Amino acid sequence: MSIIEITGVKKHFTKEVCALKHVDLSIKQGEMVALIGPSGSGKSTLMRHISGLTLADKHSDSCIKVLGNTIQQRGKLDKHVRTSRSQIGNVFQQFNLVSRLSVLTNVMIGGLSRIPTYRSLLGWFTAEEKHMALEALERVGLKNVALKRASELSGGQQQRVAIARALMQKAKVILADEPIASLDPESSRLIMQTLKDINEKDGITVVVTLHQVDYAQKYCERAVALQDGEVFFDNLIHHLNEENLASLYGSQPEELSINDSSQTILNKMPLPKNGRITTEINHATHHSLIN
Amino acid sequence: MSIIEITGVKKHFTKEVCALKHVDLSIKQGEMVALIGPSGSGKSTLMRHISGLTLADKHSDSCIKVLGNTIQQRGKLDKHVRTSRSQIGNVFQQFNLVSRLSVLTNVMIGGLSRIPTYRSLLGWFTAEEKHMALEALERVGLKNVALKRASELSGGQQQRVAIARALMQKAKVILADEPIASLDPESSRLIMQTLKDINEKDGITVVVTLHQVDYAQKYCERAVALQDGEVFFDNLIHHLNEENLASLYGSQPEELSINDSSQTILNKMPLPKNGRITTEINHATHHSLIN
Amino acid sequence: EDMKTLNFGIISTESSQNLKTVWVPFLDDMSKKLGMEVKPFFASDYAGIIQAMRFDKVDIAWLGNKSALEAVDRSGAQIFAQTVDVTGNPGYWSLLLVNKNNTKINSVADMLEHSKELTFGNGDPNSTSGFLVPSYYVFAKNNVDAKKIFKRTTNAGHETNFLAVASGQVDVATNNTENVARIKLTHPDKYDKVKIIWKSPLIPADPIVWRKNLPESVKGKVYDFMMSYGKTNDSAEIEILEALQWAPFKASNDDQLLPIRQLVLFKERLKLNNDPKMAANEKAQKVQAIDDQLAELNRAMDAIAAAKTN
Amino acid sequence: MSDITANPLIKKPFNWVSAISWAVLFMLLGWGWNAAEMNPLILIKDSGNMLEFAGDFFPPDFRDLSYYLDEMIITLHIALWGTVLAIIFAIPFGLMSAENMAPAWLYQPVRRLMDASRAINEMVFAMLFVVAVGLGPFAGVMALFIHTTGVLAKLFSEAVEAIDPRPAEAVRATGANKLEEILYGVIPQVLPLWISYSLYRFESNVRSATVVGMVGAGGIGVILWESMRGFNFQQTCAVMIVIIICVVIIDLISQRLRKAFI
Amino acid sequence: MSDITANPLIKKPFNWVSAISWAVLFMLLGWGWNAAEMNPLILIKDSGNMLEFAGDFFPPDFRDLSYYLDEMIITLHIALWGTVLAIIFAIPFGLMSAENMAPAWLYQPVRRLMDASRAINEMVFAMLFVVAVGLGPFAGVMALFIHTTGVLAKLFSEAVEAIDPRPAEAVRATGANKLEEILYGVIPQVLPLWISYSLYRFESNVRSATVVGMVGAGGIGVILWESMRGFNFQQTCAVMIVIIICVVIIDLISQRLRKAFI
C-alpha cells in the first residue's frame, strides 16, 4: 500500500529557479526512506510539498497524496488538507520553533490537532498532554529544559525540541529534514534510533533527509537521491556505491551552472563602478501564510 | 606564539544555567583546532566569548585575548574590541544572515571593517570589493545565486554564504561553528578543504566546531573537547580514541541531570490541573546589542 | 412625565471662558431650588450640544448667538433668558485690531486703501463677532470680499489673532470687546501692543435656551429660578453671578436673534453674488428669495420696535 | 578559478520603478516647499520671538493641581475604555486585514472598512453617539473606540505581515487550525509590537481633547485647550506637565511590559 | 524512563506580578465603567436616533469638489513636509531611544524628550512657531513635524527593540562600527515596519485639522470642520469621502512599498 504518492511534481520559484523539475515518487506503508542529494537539489522543497506548505506549479499535472488523501493537485491545496496534515509530523531543517514560547509549549503545539479548539485557544492542556510532552522531551534527552524559552537553547537542543514536537504529534508519517545536522554523534544515534523504533514498532512511515550517508546506510533500507530537482536514484540503499555517490555529489549543480547561467548574467551587464545597497534588496516573493 | 588566550572563563546565563564552568585554553598561531563535545556542552558559547559577543561572568577573574589584544576581561568588553573583531572571522551555527539582503551584500558585509565608513553607509562598494565577494562565493560554490535574497536559499546554501562572509573578512583567525552541519559530503569536503587551505597557505588560525569526528580527524591536528562547560580533552587529535569519545558523548549531561535538577523541580510543584499558555512565556533575558 | 435630572449644556462662547469651578455653586443652587439633579456638560464645541438637544438629550443650554440660532432652527430650542454683563453692558462689540507700531493704519478706510500690502487675520467662520459681524459691516457694506482684497487672509480663533497682531505676524485682525477685556486683565503687556481701529454695532448678550418640548411644569420652575436668581438681595447669589461675570438674568425670546438672522442672510446673499459658477437667473432667483426673507425680518423688527415705543 | 577578475561585476539593471518613485517624491517636496511656504531663515531670524513667547509659560501655575488631577482621572477612564474596546475589536480585524492571514476577498474589504473608520472624523462619530446616548463620557468612549479600532487594526495587521513565516508554518503543518496557528505561531511574534501600539494609542487617547471636549465630558485635554484659549499660559504649562508625566508613566509601563515578551 | 508518568507535571509557580496586574486592570475597568457612564443598553435603545442623524449626511453634496481638491493639495503639501522632516529626525532619535541600541544614559533622556514632544500639545507648538514665522502653512509644518517626530521615534525604537539580534550580532562580529551594524543588521529587519509607521503618520497628518486650522493655513481638515460646524452635513459627507479616498490611496501605497521590503 502506497502511503505517499507523488506524481509529476514541478516547482519553479521564479522563471529561472526551478527547484523540482519532475518528481514521481511512491513510498509504502512502514518504509523508512533516506532522501539524499547535494545541497540545493530540492530535498527540503519536496518535503514541503508533501505537507502542502509549498504548492507545485499551477497547471502542471501534479498530484500528491498522503494516506490516500489528496494534499495538493495541479498546484491547488486540497480542502481537507488540515486533517491530512495532522497525520504528518514535520521536522524542519531550520527547526522553526516559536522562539518566544517555552520548550514545553513548543512541544505541545505538536498535539494541537488532537485537542478541542476551545482548550487550545485558552491554553488549557491536561495533565496527560503535559505528560506526553515531557515524555517526548525525555526521548530526545531534554526533559530538564522544558521551562526554558526556545530561543535560549543551543543549536542541537533546538533541533531535538523540533523532533520532540513531531513525536508529540503521534503522526502516521514523519518527514524529518536533516534531523541530526546539528547533533553530536551520540545524540544523532539516539535520534536515529528513536525514528527507527517508531518506524519498526509503531509502523510509522519515516522519510528522512540526511547528508551523512553512513547514517542513511545504517538506519534506512531505501534511499531516494535527488539531483538538481530530479530523482537520480531510487532503490534499496545497499545499491548505493562509491560510483553512484561520486556522480551524485561529485558535480555540484552550482559549479556546473557557474559556467552557463551566471556567466551569461555577468556578461550581459555593463561594468559598474558601484551599486547602492538599497537596490540590492530583492523584491520579495511574498510568503503567504494562507492555508 | 599564542594567538587565542582564554583564562578562567565562567558563564552563568541564569543562576542555575552554567554554560561554561571554568575554561582555560590557549591556541597558537597557525593551528587548526577542532572543538568538539556533546550538544549543549558550551561550544557555541565559548566561540561567542572569543569574539566578545557574550560576556563572561562579572567579577570572575576571566580574560580573553586574541592576537595579543584583550577582548574581554572580568566580564567587561575591551574598548578596542572593534579592531580586534575585524581580525576574527565568524561562521555562526545558525548562519545569522541578514535575510532581506542579497547574498552578495551579505558577503560584502564581511569586508565592512576595511572600507571607510562614508562608503559603507552609502552602500558604495568598489569593483575590487565586488570581485572579492564573488571570489569568496565561488570558493563555496555559490557564485550563481549572488543576486538572490538570503532567505530564498536552501539550508546548505545559507551555511555556505555564512562561510563566504567570513572568508571575505580576510581575518587572521577564523571561528567556524559547525560550518558543515547542513552540507552534503562533497560540499563538506570542499568547505573543510577551503578552511585547511587558508590555514596552511595563509597561516590563518582556524577553530572549528564539529560534530562529525571523522572530519575532525581528517582535517585538524588538535582537538579540544568540551563537556558540560569544562575542557574534557585537549591534545593532538590522534589521541582521541573510542574510549575517550564514548565517555565524552556517552553520558549526555541532560540525561544525567534529569535525575537530579529536573526531578527536584518536578517534586517541588503541586499537581496542576492545567496551565495557561501566557504564563508559559518566559521572562526574557534581554538581548542587549550594546557594543 | 416626572423628570429627575435636567441636562444643562454649557459651551465656551466667545465672551467668556467657562470653568467648571465658577459654575458649580450656581448649578448647586439651581438643583436645590428645582428639586432635581442638574447635570452639567461643559462642551468645547456647540455641535454636540445642538445635536443632543435635537434628540432630547439636553434640556437647557447656554449658547452664543450664532449657535443659539442653529439650535432654534434645527433642534427645537427656544430662547427664554439672556445673560447680562456684570459691568452692565447690554451685549458686546466686534473689533478690528492693529499693532500700535503700525502708524499708517488707523481706520477702516486706511485699511481698505492699503489692503493689498496687508495680512488679515479673520475669525472662525462660525463666530458672530469674529466673522459674521465684520464681514457684513466692514466688507459687505464696502462691497469688497475679505478673502480677495488682502495679500493673505487666514482664519483663526480670537486668541491666536490677538497674539498674531501683538507680535506683528498679521497686520489687521478681528476680535471682540469681551476677549480684549480679558486680555487686558491677564496680559497687560500684550494689550499695550494693539490698538482698536473699528468697533461694531452692539451684539446682543448670550442667550439661554431650553428645548420647546420640555414639560411646562419644568419650564415654569426653571424660568422662575432664573428670573429670581440674584434679585432677592441674597449677596451669596450676587457673588456667584459675579464670578461668572454676570448680573442677574433678563428674560428674552427668539426675537433676540433677528439681527443675527439678518447678518446671516446678508452673508449668504454676498456669497451668492460672489459665486462665479452659478447661472445668472438661478442666482437672481435665490437673491430674490433672500431679499424676501430680509424684508420679512425687517417688518418683524419694526413691529417689535413699535411695540416697545408703545 | 582566477578568471573571475576578468568578469564584469554583477550589477543589477537600473531600477526604473524606484528611480521614478524617488524623482516623484523629490518633485512633490520641491513643489511643496513653495506651497507650504517653507522658510527656515525666518525661523532662525525670529527665534527670539519664540523664546519670548515660551517665557510666558514659566513659572507653571500649579494652584489648581487637584482639579487637574481630577480631570486627568476622568480622561484616563475614558481613554482606558476606548482603548480596551478598540484592542478587543482590532485583534480580529487586524488579523483579517493582514495579507498573509486572510484571502484577498476578506482582507481588502476589511482594510477599507478600517481606513474609513480612521478617516471619518472623530467628531462625526462623537455626534453620532451623542444623539443616541446623550452628552457625556460614554459618547466619547464610543467615538474614541471606533477611531482607535481603525488605527490599531492597521498597525496590528502590518506587524503581522512582517513576521517570520516559518514558526507559523510549523504550527500549521501539525494540522492545527487557523486560530491555533495564529495563537501559537503568530501572536508570540507580534506581541511586543502589539503592546507597544496599544499603549501608544492609549496615550494618544489620553491626550485627545477634541472628541472628549465635544461630548462635554471634560477631561484634561479640555482644560488644556481652554487655558490656552484664555491666555493662561502658566496654567497651560502646569497642565502640560501633568500630561507629560502621565505620558512618561505610560511609556515606562510600555517598556516594562514589552520587555517581558521580547 | 517510564517513571515520568508518576511525576507531578511541570507547572510554573503562581505568577503574582501578572495576577496582580490583571486584577488592577480589571478593577480600573470596573471603576471606569461607572466613571465613563458606560451604558450599552441606551445605545441599542436609541440607535434609531443615530440612523436619523446619519441620514442627514446623504446624499453627499459634491458641488464644491474642485475647491475640496485644491485644499486637499495644500493639506498634502503640509503633511508631506511635516512627515518627511519628522522621519529624518525620528531615525536617529528612534535608534537612540532603543534599549538594545543605546546605553541607558542616552536612551532614557532621549525617550523622555520624545515623550515630551508628543505630550506637549500641538497647538502650543503651532503658536510657538506662529510668533516666529507668522501665520501660514510653514508654522503648521513645524508643529506637525515636532509632534510627528515624537510619535515616530517611539514607534521606530520599539520596532528596533523587537528585532532578531542575531544578524546584527553577525555584522558587529565582523568589526563593523555601530553605524554599519545598524545600516546592515538592523534597518533591513525593521524597514517594512518603519514604512508602515511613516505612512500611517503621513495619513494622520493629512487628517489633522486643528493645527493646520489654527495657523490659518486652510486645508481639507479645516473645510471638514467648518462644514460640520455650519451644519452642512451633506458637504461634510462629500469632504469625508475625499479624505477616505485619500487615506485608502495612502494605505495602498503603504502596502505596495512594504511588500517590496518584506
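Per-chain numbering from 1; labels A, B, C, D and E assigned in written order.
Quick note on the criterion: a contact is a pair of C-beta atoms (placed from the backbone, for glycine too) under 8 Å apart; a residue touches a chain by one contact, two chains touch by 3 or more.
Per UniProt, the chains are A, B = Phosphonate ABC transporter ATP-binding protein; D, E = Phosphonate ABC transporter permease protein PhnE.
Note that the structure is predicted; figures quoted are calculated from it, not measured.
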| Lowest number of touching-chain links that must be crossed from chain B to chain E | 1
| remark: Touching both chain C and chain D we find E
| task | Write down the chain pair with more C-beta contact pairs when C-E is set against A-D. | result | A-D
| task | Could you please state the distance in Å, as a whole number, between where the Cα atoms of chain A are centred and where those of chain C are centred? | result | 76
| field | Length of the line joining the C-alpha centres of chain A and chain D, rounded to whole Å | value | 41
| query | Just how far, in Å, is the C-alpha centre of chain E from the one of chain C? | reply | 37
| request: Note the residues in chain A that touch 2 or more other chains, in rising order. | output: 94, 100-101, 104-105, 127, 130, 138, 143, 146-147, 265, 271-272, 275, 277-278, 280-281, 284, 286-287
| request: At least two other chains touched by the same residue of chain D: list those residues. | output: 7, 9-10, 12, 49, 53, 99, 123, 127, 131-134, 136, 183-184, 188, 209-210, 225, 228, 259, 261-262
| Residues of chain C touching 2+ other chains? | 45, 47, 51, 54-55, 157, 167
| query | Which residues, counting only chain D, touch chain E once they are in their complex? | reply | 28-29, 31-33, 35-39, 42-43, 46-47, 49-50, 52-54, 73-74, 76-78, 80-81, 84, 99, 111-112, 115-116, 118-121, 123-124, 127-129, 131-134, 136-138, 140-142, 151, 154-155, 158-159, 161-162, 164, 192-193, 196-197, 200, 203-204, 207, 209-210, 224-225, 228, 236, 240, 243-244, 246-248, 251, 254-255, 258-259, 262
| note | The answer for chain D against chain C in the complex is residues 49, 53, 64, 67, 123, 126-127, 130-136, 139, 209-210, 213-218, 222, 225-226, 228-232
| note | Within the complex, chain B is touched by chain A residues 13, 17, 36-40, 44-45, 93-94, 100-102, 104-105, 122-127, 130, 138, 141-149, 152-157, 160, 178, 181-188, 190, 211-213, 245, 249-250, 252, 254-255, 257-258, 261-262, 265, 271-278, 280-282, 284-285
| query | In the complex formed with chain E, which residues of chain B make contact? | reply | 51, 53, 82-90, 92, 94, 96-101, 105, 109-113, 117, 120-121, 123, 162, 165, 169, 263, 265-267, 269-272, 275, 278-280, 286-291
| said: If we count contacts the way the header does, which residues on chain C are in touch with chain E in the complex? | reply: 45-47, 50-51, 54-55, 70, 74, 119, 121, 125-126, 152, 154-157, 160, 163-164, 167, 169-170
